[in-house]
Structure formats: structure tokens, C-alpha cells
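Before I ask anything, here is the structure I am working with.
In this document, chain identifiers A, B, C, D, E and F correspond to the written order of the chains, with residue numbering beginning at 1 in each.
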Amino acid sequence: MEGTLALAADNLTSPIILFFVLGVAAAFARSDLSIPEAIAKGLSIYLLFAIGFKGGASVANHGVDATLVLSLVAGIILSFVLPLVAFGLLRVMSRLSVTDAAAVAGHYGSISIVTFVAATSVAESAGLSPEGYMVAVAAVMEAPAILSALWIIARSGQQSGEMEQGLVREILLNGSIVLLVGSFLIGGITGDEGMAMIAPFIEEPFQGVLCLFLLDMGLVAGRGLREAKSVLTAGLFAFGVVMPLIGSVFGLAAGLALGLSTGGVLLFMTLAASASYIAVPAAMRVALPEANPSIYLTLSLGVTFPFNLTLGIPIYLALSQTLTGG
Amino acid sequence: MEGTLALAADNLTSPIILFFVLGVAAAFARSDLSIPEAIAKGLSIYLLFAIGFKGGASVANHGVDATLVLSLVAGIILSFVLPLVAFGLLRVMSRLSVTDAAAVAGHYGSISIVTFVAATSVAESAGLSPEGYMVAVAAVMEAPAILSALWIIARSGQQSGEMEQGLVREILLNGSIVLLVGSFLIGGITGDEGMAMIAPFIEEPFQGVLCLFLLDMGLVAGRGLREAKSVLTAGLFAFGVVMPLIGSVFGLAAGLALGLSTGGVLLFMTLAASASYIAVPAAMRVALPEANPSIYLTLSLGVTFPFNLTLGIPIYLALSQTLTGG
Amino acid sequence: MEGTLALAADNLTSPIILFFVLGVAAAFARSDLSIPEAIAKGLSIYLLFAIGFKGGASVANHGVDATLVLSLVAGIILSFVLPLVAFGLLRVMSRLSVTDAAAVAGHYGSISIVTFVAATSVAESAGLSPEGYMVAVAAVMEAPAILSALWIIARSGQQSGEMEQGLVREILLNGSIVLLVGSFLIGGITGDEGMAMIAPFIEEPFQGVLCLFLLDMGLVAGRGLREAKSVLTAGLFAFGVVMPLIGSVFGLAAGLALGLSTGGVLLFMTLAASASYIAVPAAMRVALPEANPSIYLTLSLGVTFPFNLTLGIPIYLALSQTLTGG
Amino acid sequence: MQTHKAKRVEIIIESIMEDRLSAALIKAGVTGFSVLPVLGGSGRSGHWSGEGQVSRAGGMVNVVCIVRPERVDSLLDAAFEVVDRHIGVVSVADCEVLRAERF
Amino acid sequence: MQTHKAKRVEIIIESIMEDRLSAALIKAGVTGFSVLPVLGGSGRSGHWSGEGQVSRAGGMVNVVCIVRPERVDSLLDAAFEVVDRHIGVVSVADCEVLRAERF
Amino acid sequence: MQTHKAKRVEIIIESIMEDRLSAALIKAGVTGFSVLPVLGGSGRSGHWSGEGQVSRAGGMVNVVCIVRPERVDSLLDAAFEVVDRHIGVVSVADCEVLRAERF
């Protein structure tokens, strides 16, 4: 417990979190600090490229086994199921319309890749070596939640749930999934040799790039919070903190059932706990344009993301260490 | 021979090629994966900056000799001559109009700097150390081919060949030539000292940046191929594969006549074999707007570039090794 | 003296200066070489992030003392005072209107962060280790000069000096100040541990990124000079060379009075000698739209910046070494 | 210079709907259009800006389409289908064009 | 398709004045506007280009604002206040819009 | 607010021709213009997009030029010279401007 607190405190003063805080503060103070859109996209391409490749190279090193496949299946199931849990919770905790609640729920079934990266750093600092294929689990968890959200709408009799032709392909082939999976496969195929070639690009500068990216996320989250103060009721705020904890318990159960390593359990918890802010918002704008984007973006990026970053991950680490005895 | 096959196989599974394939595949699958224009330009600036500087620093180390000057002259002559060969071939192998054929021909006299970079990597893996000034040869080969193409048009009595005032200056001072030559000169002037300062920027991350750039090229090439399927007749496709082989023979002859090292011969072959997709298309849009850009872009980026990357370079390497005894 | 000349010569052939020269030359030759706006902004974000963080980490290492606070105060005072000196000088040396002269004066009280970075490199090559908090001094010197310039206008009875509500906040919270100060604080908080994490991002590639940024500055300066030849009278040109020398004497006095190290004195001289080309121009466009931007941009970026880069810094180094006995 | 009457239709629409709008325009027989970037804006749903955005959810684009007057109705019908449930603005103005054979 | 008369106001203004213009427009009761980037241009004060620029001093943006005809005067008054001392161009044209309830 | 009649000319042209068009416009006595980016588009020569492009061959820009009505003919003549052999669209519309002394 003490260890957890110390770690949480340590975590709170890591450059990554401090740059996020700097971004939020700058946005609240209405500074004109901003990262050009192309640069922000470039940073995100770098991160997906790097973690995909590293995951693949690590799988190439450790070999593929049944647990990989089972983990992917478990990830897909979680991504389908968590939106139902989130939707139920939202109907209790908030007064969102069915459409808004379904849209929010979709975000919590899916994942946030930066939260995943932050948890990976924490795992490494704690001396853990999570399974490399957790990156692939992250990738497969991006999309199913969107289908769940649309199914909720369809069942509720709302007109907007109809699945437009092309949407599923668009969701499954969205850029971040393709880049993550593609880099993972290439890392897997080229293994140590490939890694030797590009390690100086994807390993050494990684933490620094991550800091800049979190600065950008802080700026965007801060701007969003400033604009959307009104939509953030106490109930919704509570949901943004409680839902990741609930999600993490699902992730914990899955990780333990699969017999993952301590680090693997931590990452599974983090994936289940995190909420999407890239892929799912885009899909929701197409499929559920009536849902209010400032609700789901504020919750995901402005509440759940910083919660996971600061308190969530240390809690998940403590739990995973205690329960796996790792 | 076996060595060549092994190398070709090895080459086919290098991260560089796999990222190109990923890009093409993503484009064909209509994924929305894309690299922002500013980032793609930034990557290309980085590559020109890095290879120019490295080439210059290497010349500073090895001293300038007559072969440098003769190589530049040979490069210029090749760049003037190859379009004539290409034009003749196109008139036989395809039904392109004079204008379209001349425009395509201009691309094949000029060079592709990324193909050059890929060949340099292969040379290094094979333990070769090509002459540093081959970068300067690449630079001088960019432009003459454009003048050849316009001369073909002028001779054919087509109206559009007239040389607009300012065009020649524009061609000779285009951004990529200036950056490449400028970095080469600065590398040459600052030598080892300069290299020590910026090596961590231009050497270590180089292969990783190259992977990202090839991903982008794959995306662009794939999009182009998808759109331009109709223009790509069997004859044109064959030209896109045969012409680099013919070009490489010219490069081989030049390299041997100049007495270059094995690596130098390989690079000369690669330059002669490669087709421009940055500088020449831009010049053609100004000077020959009637020529159909989807023909020359598809051939250069969609056929010849991947051919050189996968099969061409290993063939050129085998030939240069056999014939120089290197 | 001889040492200074040798150093100046050495300095003139550093990659940093040569890339600036390449940019100016390319612009004069009307090459289409250009760095996309987003990339230029990205490079500048990287530089601010890196030097802020390094400064903070160095302060964390060496501890905070009274000199830090006194240096900040001295910097603020200099930034307030130098525009008055510059304004007086301009009224003597040029025929600028009160508005134009005040606008120019504001630039010379503020600072150029790239000049600061270049001086830091020179300091390091000379074996000096300047106080890490000089970065913070740079940050506090950005804004006061703007207020001075507006006060000069207000006093002169010109209508345009009135301080629009919101302008002061905008000036103090402009992006580059926030990023520099924020990174400085985060570097200070996370210290060696933070540095260990992101050093491979902010230290190794730094010089290379700086070269690219100076290429861009050369391009922009060259374009500006080409367009604005007419505004650059002999008197103004002389001002652009004399004012940094005068400023450096103020910086020297401050540095000596504070008892800074030789490197610290050099940096203080450089800050006082340098002229803003990012923050102050933006503020002037808002507050003094009647002032002609091509005058102040040409002077600051086209005359004073290259002067400091090539001759100024070696002079300041020689003086600071002689007078501190360092 | 000889000019010809035409209509300039400008559609400000979410980026994520761009492909669907293009497809609809082409289906409606439009011979050409251009897509211009939009940096930010303000409307009933609040303020937005593309700065620092990674997701494609937020941004908008301005699709400019110059057509012969007789084609404008089918164009607007096609655009309306796509824009209908979405935020965005559709405007039409008179203009004249050179080289009418291109439209 | 049913359309409604409106005015399209386009204001080319320095980027650094964008926030002030937005605020003024909103104060003048404008319900929406979009900001488009400008890459460069030329005018009495010479040629400019955003290429390679780091400072916000140089650039301009094009603010597009579609309003009901009766609102155009207060909009122009508001815009004029901001543009007054600054470089920039304000133009107004007639147009028609779909979904008039949005304006 | 007092406004003055003017013409708004918008020329969508290949980026590589931008310098030549600028020069021609200035030669034709145009006092100002602005260049806006175009992200992509579609026309008789197919679909294009600037995404990921490194070459300047592909892209287009939208040159906006507001002029007094009496200047529009010489402007169009100048633009036509440049656009003639190239792809691109030239349109002219009526508008009103503030601060007519600037045109």
C-alpha cells in the first residue's frame, strides 16, 4: 500500500504527467501555445509506429502461443461487453439521452493508446516485462465497442442506429488500427534484425516524443474542458472516475484467467479502464451525429484520461502485483 | 547467383520494403491511414539533409580527385541520353502520344533519391563503401533529363516544347537539388567536426525515418495505382520494368569506365535505373501540361520504384560485384 | 585577440551558420526550397522544449540561490531599459517615424532564443558551463520590452499607444514563454531522473535540429531581405549592428555586477544584444498596426541576427573571458 | 473575355463526411469540385479548432463546387442527403466562369 | 430544394486578430462562422507567405460568415471595429442557403 | 456601413503555376490577392489529394482576388494567359467591399 502511494507520488511528478498538466494549465490560462495539427498527427503516427513495432519484435523473440490468441479473443469480448456495462451505469448515474449515453458507452469499451503507453512505462519502471502481444490486444479492442454502441441504439428503437454500408469497413480499417497492426506485424516478421535497424529511432527518443504528445493532449483536453464546463454534471464526472475502475476489474479478471504475467495483467486492466478519444469519436460523428461530441470528448479526454494517468495506473499496478504475486 | 537470391529474399523482408507494402495495402483497402502533407515534406527534407551531409563529410575524408569530376560529367551525360533511349522504347512498346512519351522519358533520365538511399543501405549491409560523392552525382542527374524531354517535343514539332523563360532556372534551383547540394557542400566544408556534431541526428534515426517515408510513398503509390489502373497497359507496365534494367546497364558501363568501387558502380546503376517522382513531375506540369500526369506518376512511383526496391537493387548488386570482382 | 579571431573563423564555418547561409542564398536565388510552416513551428517547439528542460534540470542540480532571483530582476530591468536606448539611437541614426522607431526599439529590448542557443553552443565548445537559469532570464526578458515600446508611443502623444484590454495577458502568456518556462519548471522538478528519461530526445539530436531550423530562418530572412531592400537605409543597417554591441555592454555590466560565471556573462551579453523576431512582431501587429513590419523584421532577422551569429557572439565571448578572467 | 453563367455551391461539412459527400456529388453528375481546409469555427454547437487535433472527429472542410445553373438542383439534393443529420452549412451563389466547356 | 436568401461575408484578416474578430462577431449576434487558412498573398504592403514562418505576426486567415440579410449591418459594424486600423479585406455577397433555421 | 461594388475573382490553379499567376496579376495592375490552400478535389482529370505528397506537381491553390469592376477584364485576360493550357477553374462573382480605397 505504501509502495503504491510512493509510486503514485512518483508517477505524479514524472515529466509525462507534468507536461500534460502544463498543457491543461496553458489552455485554461488562454495562452496561445499550440501544436500544429500536422505535428500532433506526426507525433501520434510516431507513437503507433514505435509501440506496434516494439510489440511485434518482442513477440518474435518470445514466440507465439495459445495465450496470444486467447488474449485477443478476451480483448474483443471485453470491448463488446464493456459498453453495455457503461451504458447501464450511465442510465443510473446521469440523465443523458439514450443516444448520448450509447455514444459515451462506446468510448469506454474501446481503448486509449496513450494510456496504454503510459502504463507500459510504469510497468517497465517497476521491473515488469509485459507480453509484447498486448499491443495486438489493444488494436483488436479499438473497434468492437463501436458496434456495441450502435447495437444499443438499434435495440432502443432510435432511428439513428442503422448501420450505414461502408461504416464497418471504415471502422475496422481506420488509420490508427492499420498502422498499429501493420507495425506489429512488420516488427514480428523482421524481429531482432529489424529492431537493430530502427531501435535508435523508436526507442531512445520515445519518452521525449511522448512528453510533447502529452503536452498537446493537455492543450486539447484543457480547451475542451473550458468550453464544455456546462455539460460536465457531477454524475457524469463520477462516471468518468468510476467506470475506469469497473473496467479495470473486468481487465483484471481476464488477465488472471488467461494467466498473464503481472505486467500483462496491468496492461489488460489499463486497456479495459481506458476510453478512446481518437477512433471512436470519429466513428460516432458518422454513425450517431445526434450525440453531443462535447460530452464524450470531455469525459474521455478531460476526466478519464487524466484519472488513469495519475491515480488509475498506480492502483492497477498495485492490484496486479498483489493478485499475481508478482 | 544463390547469394543474389538470398539477398533478394532478405531484402524483401527488410522493414523498409515491408512498410512500403503496408502503405500500398492500406491504400488498396481504402484505409484512411495518411501522413499529413507537412510531415511527408518534413521527412523528405530530413532525408535530403542527411544524405547530402553524409556524402559531403565522406568526400571531406577521402579527398577530391579527378574521378569525382568525371563522375559528375558522366551523370550529366547519362541524364541527357537516357530519355532518348526511353522515348525510343516507349514508341515501340506503347501507344503513348509523343507528348506523353516524352514526359515519361524525362522521368527515367532523372533519378529517385529514395531508391538511391535504399541502394546505399544495401551496399552497406553488403560491406561496401561507395564513393561519398555519388550523392553529388545524384544531384546533377536530376535536371538534364527534363531538358532532353523538352528537346524531344520541340524536335517533334509539337507546339508545347517552347522553353518558357524562367523554367530552366526553376528546374536547376528546385528545392531538393538545392538542399541536397547545399548539405553536401556543408558536409564537405565541416567534415568530421561537423559530422560529430550532427551525427546523432542524421545517422541513428535515419533508418526509422526512412521506414516512415516509405510507408508514405506506399500510401501515395497505392492511391495512384487504384485511381490509374486504366492507364496502365501491359506495354507500359513492361516498360516500367525493362527500362530500369536498360538504364542500369548504362550506369554499369559508366561506373566501370570510371573505375568506381563496387559500391559506386552499384549506386551508378541504381541512379540510371531509377525514375524521378518529385522534381520531374513538377517540371512537366509547368512545361508539358498536356501530358497526362497519371501515366508518368503511376509508372515511376507505382511500377519502377517498387521494382527497383525489391528486385532491381539485388540484381544491380550482383552484377556490380561480379563485374568489378568486388 | 588572436583566439577570438580563430574562434570567429571557426564559428563562421560551423554547420549552424552555413545552413543559415544556405537558406539566405536559396532565397536570394529564388529557389523554391521551403520548410512547411507546421514543420518550422515543430522545430521551434522542439528547441524551446529542449532548452527549457535542460536549463531546469541544470538548476535542479546546482541549487537555487539569490543570484537566480537577482538575475531575473536584472533581466527584466534590461528588457525595460534597452528599448529606451534603442529608441534614442534610432531617432539619431535613422528617419523612422516615432511609431516605427518605437516598434523597432521594442524588438531590441526583447530577446532571440535561437541566438541564445547558438551562444550556449559556443560557450560549451569553449569549455564554459553557464548558469542553467539563464534560460529563465531569457524567458522573463521577452515581454517587458513590449510594454516599454508602448509606453514610448503613449508618451509621445501618438493615439495608438493605448493598452487594449487583454493585450498584456496575451503578451505574458504567449506560447513561447509558456513552453520555455513550463519546460524549465518541469526540468527543475524532475531533475536528473527526468533528464535521464528524455535526454536521448533533447540532447543528441539537438544540433541537427538546430541546423534545420537555421536553414529555415535563413530562408525566411533571405525572402524578407529580398522584399524589403528598399526600407533598409544605411542608417538603419548601422543601427542593426551597433545596437547589439551597445546592448551587449549593458548585459556585460549586469553579468559582472551579479558575479555570474564567464559563460553566464556571455549569455547575458547575448540576450541583451539579441532582438526578438517571434514574440515582439506578433505583439506589435496587434498593438501598433501602423508600424511597418518589414522594417522591424528585416532589422531583427536580416541584420542583427546574422551579425550576432557570426561576429557578435565571438566578440561577447572574448570580452566576457577577458573581464571575468575566465 | 467571354464568361458564362454558373452557380458556386460551397458546403462546409465535417471532414469525416467528405468521402460520402464526394461520392454523392459524383453520383449526382457533378463534373468537379475542390476541397478547402477549415481551421476552426463557431456555431450553435460551440467553438472548435483543429489545432493539435489527432482525431478526425473534429475538423471540417469547405467543398467548393462550380456547376452549370441547370445542375444545381440535383447537386443540392445530393448534398442535402449527406448533410441532413449532420452539422454544416450549404450556400449557393451566382457566378460567371471562363471556359464553360469544363462544367 | 428550398433555399433562403442570405449574405456571405468574407473577412481576410491577420491571424493575430482572429480572436478579437471572433469575439466581436459573437457579440454582434452572429450565430456561426468558419475560419479558413490563407497561405500568402500580396497587397499594398507587399508580398507575404506563411512558408517556414514561426511567428504568428505574419499570417492571415479568411473568416467566412453566412448571415441572414437583416443581420449583415451589425456584422459589418462589428468587423469594421476590429479591422479598422489593420490590414485586411471585407467583402459581402448575396447567396442562398439550405436549412435557414440554422442562421 | 457604406459598401462599394466590386468583383470577387477566384482562380483554382495548380500550385506550380502560382508564381506565374501572381506575376501576371501584378502586371495586370491588380492591387492585391490572397492564396488559399486546396486539400484535394475531383475533375475531368480524376481525383487528387495532397495527403502525403512531397512533390509540388500535384497540388492546387485557390487565388482570391477582389477588384473594382472596371479592372476585372484585364485581370481575366491576364489569368487566362496563365491558365490557358493548364487545368483549373476561373470564376467571377459580384460582391461589395468596405474600405474601397484599398482596391
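Criterion: a contact is a pair of C-beta atoms (placed from the backbone, for glycine too) under 8 Å apart; a residue touches a chain by one contact, two chains touch by 3 or more.
Composition by chain, UniProt nomenclature: A, B, C = Sodium-dependent bicarbonate transport family permease; D, E, F = Transcriptional regulator.
These numbers were taken from a predicted model, which means no experiment stands behind them.
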item	value
Distance-maximising chain from chain C - centres being C-alpha averages	D
Cα superposition of chain D on its sequence copy chain F - rotation in ° rounded to nearest 5	120
Centre distance in Å when chain E and chain F are each reduced to the mean of their C-alpha atoms	18
Geometric centre distance via CA averages, chain E-chain C, whole Å	34
Centre-to-centre distance between chain E and chain A (centres being mean Cα positions), rounded to whole Å	38
Averaged-CA centre spacing for the pair chain E and chain B, given as whole angstrom	45
Set of chain A residues in contact with two or more other chains	32, 34-39, 41-42, 204-205
Touching two or more other chains - residues of chain F	36-37, 47, 56, 93-94
Pairwise chain contacts under the document criterion	A-B, A-C, A-D, B-C, B-F, C-E, D-E, D-F, E-F
Chain C - residues contacting chain A, complex	36-39, 41-42, 45-46, 49, 53, 169-170, 173-175, 178-179, 182-183, 185-186, 189-190, 194, 197-198, 200-202, 204-205
Chain A - residues contacting chain D, complex	34-37, 40-41, 44, 160, 216, 219-220, 223, 227-228, 277-279, 281-282, 284-286, 289-290, 292-294, 297
Residues of chain C touching chain B in the complex	13-15, 18-19, 22, 25-26, 29-39, 42, 204-209, 211-212, 215
Contacting residues of chain D [partner chain E, same complex]	12, 36-44, 47, 60, 62, 73, 76-77, 79-80, 83, 89-94
Residues of chain F that touch chain B when the two form their complex	14, 16-17, 45-47, 49-59, 85-87
